[in-house]
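Across the two complexes that follow, chain A remains constant while its partner is chain B and subsequently chain C.
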Partner chain A sequence: MSYKILIVDDSKLARMSVAKLLTTLKPDWTRLEAANADDALKALADSQPDVVLLDFNMPGRDGLDIADELRRRHPGMPVAVISANIQVEIVNRASDAGAAFLPKPLTEQALAAFLRDAEQRLAAA
Partner chain B sequence: MLQAPIALTELEQDALTELANIGVSRAAANLRIMVGSEVLLSVPNVQIVTREQAAERIGDGKTDKLIAVHQAFEGALAGRALLIFPETHSLELVRAITGGGLPLEDIIGLEQEALAETGNIILNGCLAAIANMLQQTLKISLPEILSGSGSEIFALSGAPAGEAVVLFLYINFSVKDRNIGGYIAVLMDLPALTTLKILLGKLILQMTPKPNGPDAH
Partner chain C sequence: MNEFLEQFLIESRELVEQANSDLLTLEHDPANRPVLDSAFRAFHTLKGAAGIMEFTAMARLTHATEDLLAAVRAGDQVLTTAVVNHCLSSLDQIDLWLDWIEAEEALPEDADSIAERLANDIASPSLSHAEPEPPAAGPTGGTALADDAIALLKEQLALISVPPDAGSSGRLGAAGRVCRNVLRHFGYLEEAGDIETSLALFKTVLLTTPPHDTAPAPPAGQPEAGPADNELQSAPPRTLRVEVGRIEEIVKITGELIVAKNALDHIVRSLDDPENLKQKLQPLNARFNRLTAELLRAVLATRVLPLQRVFQRFLRLVREMALRLQKPVRLVTEGETTEADKVIVEALFEPILHVLRNAIDHGIEPSAERQAAGKPETAVISLRARRDGDQVVIEVEDDGAGIDLAAIRETAIRRRLVTPEAAAQMPEPEILDLIFLPGFSTARALSDISGRGVGMDAVRAAVERLGGRVVLRSVKSVGTTVSFALPFTVMMTRVLTLHAGGQVFGVPFEDVLETVQLPAERVIPIGGTQAITLRGKTIPLINLACALALEATEAAPAVIKAAVVRAGNGEVAALQVDGFGGQLDVILKPMEGLLSGISGIAGSTLLGDGRVLIVLEVGDLLR
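Coming up: the complex of A and B.
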């Protein structure tokens, strides 16, 4: 089954890096990108992605704020927050928002595990 | 007259900011373990500036006396990393690290040693994350405590005298619910910028899909 995944990161390089891993792991998935919260929310409304990957530390609204909003708007949507900031408060806030926490630099293994879980949740929905 | 620096492309600048973000986020996680409270970070700022501008930004336009833990690094890249905060926050930081149970005279007695060790853990965490991402080894000096204004700290941190401009990377940090805040700053000598461009180019190649290869999508 092919899904649509939205990558939200203010760093173009980080988005390209995630896109590279997705090319290997899920070559048939459709990738969408957004560089900030406003673009992300627009992409959500316009393109209705199935899965969202969020950078934490971004100018303006951070990834956890977006995760909170996603939980309200799309409660069943698989969401991951990606950050090198592995402080327990950040990891817990991601968990409270119903999002997975993936440490940066993102590894293929960590992303693959999240995507497996996401596929199972989407298939069961 | 400023010497013209080697410019970074938009993607190289983006890569450097992302490296800084990863390095400082790791450093913040170390600091969080030490102080027991969440450490809040700003988005990293990377600029090529004059030495005076860097000093002004370190001082944030204020005249407060600052304390800095300084470590030099060398290898493929050379420069200085600093953990900087107002002198008035210094004892509060030591108090947070030591758990708050010590009398003031003990905290004062421990101040220099505690600051050096804190800086060592934070700055090493930051530099090591950046070095690992660039697949380089950096030799990092022992921590040194500096105090003075922003410009005094910058002068004391050993910037080469003839150097008009530097690569200046800085991030604000604060500790939640405590009066502790400051900067983590990295100053990179411009001769290292040529090497940095090469290393960033390699990192970008490694992290991104090949234009016409199997990764193209």
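Coming up: the complex of A and C.
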């Protein structure tokens, strides 16, 4: 099954690196990108992605803010918050928002595990 | 360089610049939370970028700096000058590394040890106690330099003692800033100040040297935009220097894409099919049209320059002309930051120079006359530029004597440019407009300044060739204003000019494969048509004059001249002409109104002498 995935990060380099991993892991998935919270919410409304990857640290609203909003709007949607700061507080807040926490720089292994889980959840829904 | 490395460098340089400016703001305004957050985020993102690219030393250093700022954010650390200095030193080091990475695609060997040392400095507990003690020793009362600080200063010396090359300015700037920060950190404020002054001077020198496109290309692999250059641009957006040739290549490809789009557009419009293909193609075609138009706009926007450079050259030139004619003149410029297409900026130089010459030579009165008229002795010429929608407007205004309408009328009648009856009925603006007619000159004697054989007709032709307009206003004894209105960007097409049937035609240069000359005997008659053999291939020979229903100038020339052209569909033919002109960069205007339906014509353009050049559509001619 092919899904649509939204990558939200203010760094284009970071989006490029996630996109590269995705071409290896899920070549048939459709990739969408957004550079900030506003663009992300717009992409959510316009393109209805199935899975969302959020960078934690962004100007304006951060990744956890968006994760909170996503939980309200789309409960059950697989969401991951990616951060280079592996702090208990951030990890906990991510789990409160129902999002997975992935350390940055993202490894193929970590992303593969999250996507496997996401696919199972989407198939069950 | 791969796209990841390229993106890494672009982002990292932006972030370094952002962090630098945030830190300098924080030094004066330590309580500014949004700026602190922004600085923190910059280091954090730098760390992330370094992590992605696996530049571990850079990740290590940015991590340490980020931690320091995190402590400040949490209120565990006071934002002292020492903290700011540490962060600035990190940025300087990162800047040097970015230069290195740009050239070598890797970090230098000593990066790990440097990162380790700087990170340890940053993490040292002494930081949390506010300001360092007031300096106790040294030339300006600084504390004794630590060994690693001396090592750092020595490194900078080594860095700048290599022979000058394209990266020199970058290295010099970066080294200077590192030294400044080290000295400031240890309390050598006066020495740090000296370096600061030198840096400022250095920047000014860099600013006034000709920009990149006039300098020889730097050797491959050298970082050309060093850290000092980053500081030069006061505007916040990060800029990337690109060789003009590369931009021209993109412009050229865009031009060809638009030609292809026009052909497709034509096909879609004239499609007559039962399969509803047209209905399916139309939305796609509309989108294609829109996208190519957007692409063209975006591509041309990369070629804009401020008018500053042109304006600056005039300051000197006006001074020289005024000295030579012994008329005190001051040139005042305004709006020099206004931008325009490089093509426009460069092409405007001559016309503006001509108008300035005219103003000094004819417009401005000799000193004695000005005094008698109660005018200040020093005349003022204003050179102004502004953006007006899609146009750039440039005005040259002098406070001279104004144009003598009666004199213009007389001259125009004498030169038979207008009949006395018509002249008598002409309203003022039309009389002023006579100045732009070819062969008009009111100068009593040709001076070597304005009498260079070009008149206002040449100025108007040059401006119209660029798709612009020039208007003249004048009030007697108050002054004259010449306004140029030009498009912000232009798309030039290169054409080859050909002579046929006593006229000149253009052919898009990209359609011409070669020009040939061969004896008439080699023409092979095939039925009613003719052909020639070129390197074993037979190609049709089309007499251009006949094809355009013009009278052939010479019935049977001994030598056949022909341009070998290829149409969009790949068909090749030779166009027989009377002669070849030259290459010309023109702005092609599509035919309008009644003429728009004529096949065989791609468009028209104005030649320098005001004649219209018709540019032929090769595909239609071969059909």
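In this text, the second predicted complex is superposed on the first by the 125 of 125 C-alpha atoms of A that agree within 3 Å, B and C clash if a C-alpha of one lies under 4 Å from a C-alpha of the other, contacts with A are read in each partner's own complex, and residues count from 1 in each chain.
Note that in this section a contact is a pair of C-beta atoms (placed from the backbone, for glycine too) under 8 Å apart; a residue touches a chain by one contact, two chains touch by 3 or more.
Computed from a predicted structure; not experimentally measured.
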Clash or fit, chain B versus chain C on superposed chain A: clash
First, second, both or neither for A:Ile86, with chain B first and chain C second: first
Comparison of chain B and chain C by chain A residues contacted: B
Touched partner set for A:Pro59, first chain B, second chain C, both or neither: both
Which superposed partner A:Pro75 touches (first chain B, second chain C, both, neither): neither
Touched partner set for A:Ala19, first chain B, second chain C, both or neither: first
Chain A positions touched by chain B in one structure and by chain C in the second: 10-14, 16-17, 20, 57-59, 84-85, 104-105
Of all residues in chain A, those that touch chain C in their complex: 10-14, 16-17, 20, 57-59, 84-85, 104-105
Residues of chain C defined as touching chain A within the complex: 3-4, 7-8, 11, 38, 41, 44-45, 47-49, 51-53
Chain A residues touching chain B - in the complex, by the definition given at the top: 10-14, 16-17, 19-20, 23-24, 27, 31, 57-59, 83-90, 104-105
Chain B residues touching chain A - in the complex, by the definition given at the top: 10-11, 14-15, 17-18, 21-23, 25-26, 28-29, 32, 38-39, 41, 43, 129, 133, 176, 203-204, 207-209, 215, 217
